[in-house]
Amino acid sequence: MKMTYREAVRQAMHEALAADPRVFLMGEDVGKYGGTYACSKGFLEAFGPERIRDTPLSELGFVGAGIGAALGGMRPIVEVMTVNFSLLALDQIVNTAAALRHMSGGQFSVPLVVRMATGAGRQLAAQHSHSLENWYAHVPGIKVLAPATIIDARGMLGPALADPDPVVIFEHALLYNLEGELPDDWRCDIATAAVRRAGTDVSLITYGGSLPKALAAAEQLAAESISAEVIDLRVLRPLDTATLAASLRKTHKAVVVDEGWKSGSLAAEVMACIAEQCFFDLDAPVARVCSEEVPIPYAKHMEEAALPQPGKIVAAVRQVLGK
Amino acid sequence: MNPVPYDKNFARKLLFDMLRIRRMEEKCAELYGAQKIRGFLHLYIGEEACAVGALHALAPADNIVATYREHGHALVRGVSMDAIMAEMFGKAAGCSRGRGGSMHLFDAATRFFGGNAIVGGGLPLAVGFGLADKLQKRQAVTAVFFGEGAMAEGAFHESMNLAALWQLPVLFLCENNLYAMGTALGRSEAQTDLCAKAASYAVPTLKADGMDVVAVHEAVKLAAAHVRDGLGPFFLELQTYRFRAHSMFDPELYRDKAEVEEWKTRGPLHTFSARLKAEGKLTEEEFLAFDAKANAEVQAAVDFAEAAPWEPVDELLKDVHTP
Amino acid sequence: MIEFKLPSLGADMDEGKLLEWKVSPGDTVKKGQVVAIVDTSKAAVDVEIWCDGVVQELLVQPGETVPVGTVLATLTAPGEAAGAAPVRPEAMPRRPITPAARKRAKELGVDLDAVAATGPGGAVTIEDVERASDIVSPPEAPPQGKAAEMRKAIAAAMSRSKREIPHYYLSEPVPMRCASAWLAKANEGRPITTRLLMAALQLKAVARALKRFPEMNGFFRDGAFQPAAAAHIGVAISLRQGGLIAPAIHDVGDKSLEQLMRDLTDLVKRARAGSLRSSEMSDPTITVTNLGEQGVAAVYGVIYPPQVALVGFGRISERPWAENGVVTVMPVVTASLAADHRVSDGHRGALFLAELRDLMQQPESL
């Protein structure tokens, strides 16, 4: 069935709400407004205000309340409108959700799902264009997901809710309008990376909103007879390094594409894993295409220049291949 | 002063629990000097009436969320002194398997949810517990202890608002000991009337003498009944004082010795025991017997903690995720 | 302060193992003095110093294997006061070779030093290694030991030559009647130990021919030809244990035939004993190979990079020879030239061979 990423997210939540009375959705404008990205349109009418809870602008408060509710036996889906505002809730996610199980000596798990939009590309300027997935991916105790396809948008929520520990899901804002085929069998795991396009000359490793860019670059490279393998990390923590290593054993070259800023990026972590696990398979220095080290500018051309683009990816691949 | 409104056994129970906390913590200070207990150690000495009065007014099905100054709360709630002491020793037999230490006492059996060492960190959590109970139609109260310092945090305001907005069964118990570490209330808050602050969220409030276990107990009974009856949250200010430094790192440069001595004359232990003796509910011999019993419990706990084995280091990564 | 660095003792040498110091700190050394013995993959080579001085500090200890260019010792120049303890300088920058290329080279037994790099930043890549190796599938377990190492070194150098050097080949029959007669006369009355061999004559003739054709004599390095001032002819010597070595006889053009003969005898002896000088290993500006003894008619050799030419001689045999309209019997040797087309063209190569032929007709002038 053809559908948008947004519809896939919506269907996933709808299914979860219908299937399990412990599941409820909480966040800013998830109810009457229908979700900032319209992912919960019609839910308030369908499930009522008890289970579709509009919150005040209190990210710290309602994310913390989600943690408490999870401890109290519920299966909350907390929607933090965007990663930009999640900084206000970082304390609860890092200091409480991620640490609670460990610091209670294994007594309390926190079965919480936090969803948020991420990424730039809509001229929203410095405060509304962050890609801080790697901040979360740094923290033990939580899982971090980045669905980048229709299937993942549809399929990742179920296992995330079934996970006994906190799961943070990043939905790139530019993906909501992405259209694609949802096959009958859309079930998926939340453990492995996926090869989105097979290739032999170079591995393009990416996730989230950069996946379509990497695929576009691979298409362009194919026209130059360069065969790029595109790997979608899908799960940013814990990283599936086995899939990376298998690809590197084949291609011996890698370009990591990450919308986060270069310094201290998730790309840096991926590169470190490659250096640790694939050193003797490397046939060229690993390269990365990240956002430029600048707050994301408003002007369209400047924003485009600051972000990874297919052209930059192609150029990086050529460099790695010595072409 | 009104007579103690409890039968002899219950009155003695209150006294004995305060004594247990006092003797346990005096021992903790000694063991800290002997380097058996490390890290931060925040003693509750002087404030015992708050935990004892409050927790005896709550039910086993209620949820307790506390701060990093929570040894007394854990003990009165029913966590064994052995498990508390072992936790402070960092032993696997501790109530958090040695992963938490003094600031992170947890116990699933008694619904004791920490042990939160971020000021204000427990407040959103309590809101979530309240939400879970409300959604699941349980008649439980979530009692959250916090200091007056936490009322400067955004988390307090967000939590009060959410709890009031959603009419959640949360009992906010502010232990106002006048100092946020070393900063006096008047030096950090424009509005020093804490009840006035809380009342702005349309929540009923009450002040009680936190040095008087009877006053605390009566106030908490009243407040808990309000919450349990589904009338929404309640804010209770317990005016108290800690006799010892903020933590073992604190040189106490911020308050006069005379002020401490003045408060000590209102010490909850000796004032309450004097009242019981005056009312013929306790003899000096009985008091000494209780004291000896408390000391014996402390010594047994220390012996238990001392003898308990260390957790093998190869279990380091245990309890980060739910298996 | 003089830095005495490990010289390259051959184009295929990347590193060497110091076997022995012949000097100690405080020793006065003279230019040309053997100061150390270094094991290349080919032989234990006496390493000479190229200047006068006093040894100050030995920086590398026997047993250590170090890259070419590593400072082995410091010396003070004559008249220079001994300085403070020298700072150990950095080794020469390593050639970039990707980890995967190293791994693959090991698997395929390819000498990385002989692999042309095409990767980013001039790095040697897997593809480069695989191109360098003609082996499609991994080889049997490679043979071990000194002979295997030499085989590997030869393989690397020859592979590099065939990969990088566009060879062209020319040959010319050279009548040997005059030379043979002259040689027989010259050897009359000489004891067997001092007799001249045809090889000496041939070497001298090559050196003389090179004077007129300098484009056959020198090195092709960094994309350009560097002609050599003198003819240091590498003489291909096959070793008894197998393998091949081509150390130089220096300044062949300036030496008498008797001197050449002595040098040749000494060189062969020392080569087979594994005791060559560093300069003999690194200096050849052209190679001459003579397989006449083995009975072949002609040799079409592979140039030893970075040299640009190789002259080959086959056996001297009597052939029918038409001269002035009459067929006679003539002792003839086929002289051949393998030359680097990047440096010279067939036209010049042909003239070189003709010159060589003519010189052999005037042995008395040699």
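First chain written, first letter: the chains are A, B and C, and each begins at residue 1.
To be clear about the criterion, a residue touches a chain if its C-beta (ideal position, glycine included) is under 8 Å from a C-beta of that chain, and two chains touch if they have at least 3 such contacts.
Predicted model only: the values in this text are computed from it and were never measured.
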item	value
Innermost chain by mean C-alpha position	A
Chain at maximum distance from subunit C, centres defined as averaged CA atoms	B
Separation of mean Cα positions, subunit B and subunit A [Å, integer]	40
Rounded Å distance, subunit B centre to subunit C centre (Cα mean)	89
Centre-to-centre distance between subunit C and subunit A (centres being mean Cα positions), rounded to whole Å	62
Contacting residues of subunit A [partner subunit B, same complex]	24, 50-51, 53, 55-56, 58, 60-74, 76, 88, 91-92, 95-96, 100-109, 140-141, 163-165
Complex contact set, residues of subunit B against subunit A	63, 65, 94-100, 104, 106-108, 113-116, 118, 121, 123-133, 135-136, 142, 154-155, 158-159, 161-162, 165-166, 318-322
Parts of subunit C lying in touch with subunit A, wherever the complex brings them together	98-103, 118-121, 123, 125-127
Of all residues in subunit A, those that touch subunit C in their complex	252, 279-285, 319-322
